[in-house]
Amino acid sequence: MGSFVIKLGGSLIFDENGALKAEYLRAFVRLLRDVESRDRKIVVVVGGGAAARSYISVARDVCRNESALDQLGILASRLNASLLFTMYYDLPPVIPSSLEELVRLYHSNLPVIFTGGFQPGQSTTTVSALTAEATKSQLIIATNVDGVYTSDPRRDPNATLLRKVSIDQLLDMFSQPQKAGEYRLFDMMTLQVIKRSKINTVVVNGNPPDNIRRAMEGLSVGTTIVFP
Amino acid sequence: MGSFVIKLGGSLIFDENGALKAEYLRAFVRLLRDVESRDRKIVVVVGGGAAARSYISVARDVCRNESALDQLGILASRLNASLLFTMYYDLPPVIPSSLEELVRLYHSNLPVIFTGGFQPGQSTTTVSALTAEATKSQLIIATNVDGVYTSDPRRDPNATLLRKVSIDQLLDMFSQPQKAGEYRLFDMMTLQVIKRSKINTVVVNGNPPDNIRRAMEGLSVGTTIVFP
Amino acid sequence: MGSFVIKLGGSLIFDENGALKAEYLRAFVRLLRDVESRDRKIVVVVGGGAAARSYISVARDVCRNESALDQLGILASRLNASLLFTMYYDLPPVIPSSLEELVRLYHSNLPVIFTGGFQPGQSTTTVSALTAEATKSQLIIATNVDGVYTSDPRRDPNATLLRKVSIDQLLDMFSQPQKAGEYRLFDMMTLQVIKRSKINTVVVNGNPPDNIRRAMEGLSVGTTIVFP
Amino acid sequence: MGSFVIKLGGSLIFDENGALKAEYLRAFVRLLRDVESRDRKIVVVVGGGAAARSYISVARDVCRNESALDQLGILASRLNASLLFTMYYDLPPVIPSSLEELVRLYHSNLPVIFTGGFQPGQSTTTVSALTAEATKSQLIIATNVDGVYTSDPRRDPNATLLRKVSIDQLLDMFSQPQKAGEYRLFDMMTLQVIKRSKINTVVVNGNPPDNIRRAMEGLSVGTTIVFP
Amino acid sequence: MGSFVIKLGGSLIFDENGALKAEYLRAFVRLLRDVESRDRKIVVVVGGGAAARSYISVARDVCRNESALDQLGILASRLNASLLFTMYYDLPPVIPSSLEELVRLYHSNLPVIFTGGFQPGQSTTTVSALTAEATKSQLIIATNVDGVYTSDPRRDPNATLLRKVSIDQLLDMFSQPQKAGEYRLFDMMTLQVIKRSKINTVVVNGNPPDNIRRAMEGLSVGTTIVFP
Amino acid sequence: MGSFVIKLGGSLIFDENGALKAEYLRAFVRLLRDVESRDRKIVVVVGGGAAARSYISVARDVCRNESALDQLGILASRLNASLLFTMYYDLPPVIPSSLEELVRLYHSNLPVIFTGGFQPGQSTTTVSALTAEATKSQLIIATNVDGVYTSDPRRDPNATLLRKVSIDQLLDMFSQPQKAGEYRLFDMMTLQVIKRSKINTVVVNGNPPDNIRRAMEGLSVGTTIVFP
């Protein structure tokens, strides 16, 4: 089996009150222990979640600099990555803060690497796609829905889960102007990276974590992106 | 007027539910704008507060490595420092992560520098004392009590606020073994640094922030540490 | 006058044979000397141009890793930035390699900062928008056409230069799937950053360089992006 | 066998005239070769010794900044660490300068890591305790006395070597105010780190180096710290 | 077999028009794959070649700072090194920029390391000698002539290839003042490093690359430097 | 007045017993205070002196790696530079460890920069020439003889001090093979850098320090290097 990049959505690790979901985090760490192997590397890219949102919301009162606000979200995502590192290794965290640093760390002896955001103007989903591209890995996007739907399942009762979706279909779905509160699994840049490098990508519900294992083993779960 | 290091206790910027106190943060930033001056540098050292505690508490379930846990607290304190930088400058944060980096940044054009913890096994109060020592600054420790009391004011109704306290008296007060939940304004290492460099130090209630301005101007507020 | 970010298109500094245009580079450096001022910072973001293309084309024979190929382009753009630094300052080049480093350098005494690409999957035009956002600067995109046209002027004889164009119009124009050899002044990510931060942006022909000065002084030249 | 951190006291590597003890250094390096093993890491933390003292003493004439003076001692200890690295590996030295760098280097292929001080206000003994804590290693403190005595053996003829000593007993012994020339094996911070992480610690006379091997193998030598 | 440092002359990878020689580069990469082995490290030091010359020549019009100009050459050589890394590993390049960084990377898992120049005032041939010295490797200098001649073969029809040459003979040959366009395989500093560390050195024609393999295997090819 | 680089020979700061000369160091620091000015930068490059020699001599017993041994000398020279920084600024030292770092620090607010060696195989005198070249400064080489003599003044009673010496004459004098114990003020690389950039260079006896001031003011002292 080759290497994997797992994008762990921030929504999976915080509850609706903005508190860390300790039990989920422990279950995810156990899953990583199960799938860890000498023969491959795993990179986990964690989102910022509720921590990012609360810091950004306070700063926004007086700060109009979107780059600075994004940076707060990035730092929150690295704190989340550090938490997972600490829980996984029982050692002080080593978290790369750019693709260049990640690539260097990839040549060390760490079997699992944890990271968060890299740069303003860029989602952690894009980070996961860039990392999968740089390390020629498969990409598993673990989020809080079961995969890609025909429309927003939280608004449209007829929304159907797609087992397969072509990259061009996704580009169509997500290139429309964004409306407030709308269903946004992907941004354009992520899709463009996935497309240009034909990254083997599966979108799964990260809860329960076992879905991630299933995706790694090629079992049927979530939505698989296909290329023409 | 010389330079100042302000230790901003984590307790000042989070409410009892662990949420950031946006209004307090804005008031503190306004205070910094008032006291900023071309002729001096200000370094603000921020504690980790509730954010640090919540990450550490989740990790501790499976991680027994105190160094790793401290590191989570340090990262949380840097996130707090980044928030303040962002609110103060309306620019992406630049946060030193060691005394060496702080000293380098001190030679740049930034009039106010924000930082958090540096190293496991060391409180942010110690960081503020080390920074005051390295930069030959006065130290203002802003916390959630009005200064140093004869005993813990939350437990002892007869506790009296001390206007002045000698460094040796403090060393006596805080060298006793610590009991759970006890009143702990200082650790030994902070006091030792203050003592060896006779750092001009005032302990004030950071709320309202105007107390900090008063301490900077040498007006009567809080507790002043005196040397033999 | 505020600060400026100038994106200098790679096409401006190489001729059709892939050789550096020495005379143009000298003229651009003279322009920078003219507009330099104590009161503002200028950041110049240079593209990779023909140098980037020749390295990427050789590597692509055996390397399918788009991230690695992009990295070659980034290194070529930094070499171009170093050339300009050297010509401008007559000193060894200091070139930031990430937004974080650029922000740090922004607090130094250098009045003009030169940089190239930051990260795979991201154009130098995006770098210029992110830098303008982070430093709250106006953005001047200097390229080899006179501004934004209604259609590709190299293919359509009826193409008309737009003096003003709304950001949403641009998003429409550039969100369509890209065809080989097509007219591509912008990528989506650049436009999204410009939009979210309402960056004051002018697109000009960088040849002659005086167009850049005109844009900096608010004189009529090229195309100005307008916001609703 | 697990990993080990060895604190090598500066007093062991300089003679009374302040000259390096070449023969001792060679013997210590041979010992490291004997105990090196694929299955574990060894970190050697070296003190500054006479080199540190001579630089600090010259600087102190005109420099009152204790932080700056400590930094000279730290640089001297890193020079000592570099000497040992060079003698051990016959390669140019790679010396971490913070706990963070040390943790990164720990994931490389180097079986033995050499380091000196990290930060002003902190002894190299504290560095060794923090490193043992971060890497979950046993700690061997090699000094120029045979272990912990009931009182200062250089002053009190009735001083008795303790084979075992509880951490709380040590905290009592070393929390008293320090008098000039007094017997000071530990500082408070070292003991607090050892206590909070229950670090398996032995204090031995580093001369002959074989005592260190004995301590690593669990044989009776020096003083062992015990926990309640 | 021990480790090797291969100096790859810039002249080997550019044709007379200054274009990259794609076929040669692919052949060289294949050679590296053939000789790679778990048991040894290979460091490839690449020259700047035509890319370096073209950037330096443009800058020199207005920049008289030789240090700055050298820096452009160094950046060009790193771009060449990145190209080779990318072609060899199909991964984003990791290129050390000083001897210190190279030594650190030497302790990672990368079997082949690519680098360019380190510092102004120093040729990439000197870099290769310093690297061979630091890593105790054999040195193969691959250039565009067949080895060391009695005189410049491009000017003197009686020039004879030397199979062996003593280091002192070389020092004599290359200590004479340099005339424009003269035959310059070595600079003094390279020879001094080779001499002081008695580095096992062979000079070969890097074209065809198989000469390099022959030199690594100790077969007769090019010129071997001998020591008294 | 322009900028200056002062090479402070290690022989000036240690006595014949290898002890630091505290009085000389204080006098040199006072001199720097006298000549410091807002309008120019001063870089002081310090040699390793007796400290370097003692560490190298101990290591050489078991270490044959000249690169590693040089590195010990470099670290000793940085310790010397740190000592001077500390005495000059009464602040923790900031010491660049490469030409690149030095150039960055040159753009900070520090009026005087202290540094030591940069790289194995290179003397601190070469560092001073490279720094003068990069920063377009005048070079003052302060050593323990009165300037350049016609022959070694310690061996030849007829040796005469030269007030002026051409760079080519120096190249002749120092290109001869070196004999043990011989008079060696310059190495080839230093002279080549001085020559190629026609660096304004004066060699003076650094004791008394006032000679350095005289050289800075263009008064007659020591030996001036002249160019054809």
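We call the chains A, B, C, D, E and F, going by the order they appear; numbering starts again at 1 in every chain.
Please note the rule applied: contacts are C-beta pairs under 8 Å (C-beta built on N, C-alpha and C of every residue); 3 or more make two chains touch, one makes a residue touch a chain.
Chain labels with UniProt names: A, B, C, D, E, F = Uridylate kinase.
Quantities reported herein were computed from a predicted structural model and do not represent experimental measurements.
Student: For chain A (Uridylate kinase) and chain F (Uridylate kinase), what is the smallest step count along a path of chains that touch one another?
Tutor: Tracing touching chains, the least step count from chain A (Uridylate kinase) to chain F (Uridylate kinase) comes to 2.
Student: So which chains are sitting against chain A (Uridylate kinase) and chain C (Uridylate kinase) at once?
Tutor: For chain A (Uridylate kinase) paired with chain C (Uridylate kinase), the chains in contact with each are B, E, in label order.
Student: Mind checking chain A (Uridylate kinase) against chain E (Uridylate kinase) and telling me if their interface is mostly the same residue numbers on each side, over half, or mostly different?
Tutor: Because under half of the interface numbers appear in both copies, chain E (Uridylate kinase) and chain A (Uridylate kinase) meet with different residues.
Student: Could you state the distance in Å from the CA-based centre of chain B (Uridylate kinase) to that of chain C (Uridylate kinase)?
Tutor: The answer is 43 Å.
Student: Counting only Cα atoms for the centres, state how far chain B (Uridylate kinase) is from chain D (Uridylate kinase) in Å.
Tutor: 30
Student: Quick check on chain F (Uridylate kinase): which residues sit in contact with 2+ other chains?
Tutor: Each of 65, 67-68, 90-92, 99-100, 108-109, 120, 134, 136 in chain F (Uridylate kinase) touches at least two other chains.
Student: Pick one for the touching-chains graph, please: line, ring, star, complete, other.
Tutor: other
Student: Please list, in label order, each pair of chains that touches.
Tutor: After working through each pair, the chains in contact turn out to be A-B, A-C, A-D, A-E, B-C, B-D, B-F, C-E, C-F, D-E, D-F, E-F.
Student: Using the touch rule from the top, collect the residues of chain D (Uridylate kinase) that touch chain F (Uridylate kinase) in their complex.
Tutor: Touching chain F (Uridylate kinase): residues 19-20, 22, 25-26, 29, 51, 54-55, 58-59, 61-65, 67-69, 71-72, 75-76, 78-79, 82-83, 86-87, 89-93, 120 of chain D (Uridylate kinase).
Student: Residues of chain D (Uridylate kinase) touching chain A (Uridylate kinase) in their complex?
Tutor: Touch list, chain D (Uridylate kinase) to chain A (Uridylate kinase): 99-100, 103-104, 107-109, 134-136.
Student: Residue numbers of chain C (Uridylate kinase) touching chain A (Uridylate kinase) in their complex, please.
Tutor: Interface residues on chain C (Uridylate kinase), with respect to chain A (Uridylate kinase): 65-68, 97-100, 118-122, 126, 129-130, 133-134, 136, 171, 175, 177, 188-189, 192-193, 196-197.
Student: Going by the contact rule set out above, which residues of chain F (Uridylate kinase) touch chain B (Uridylate kinase) in the complex?
Tutor: 90-92, 94, 108-110
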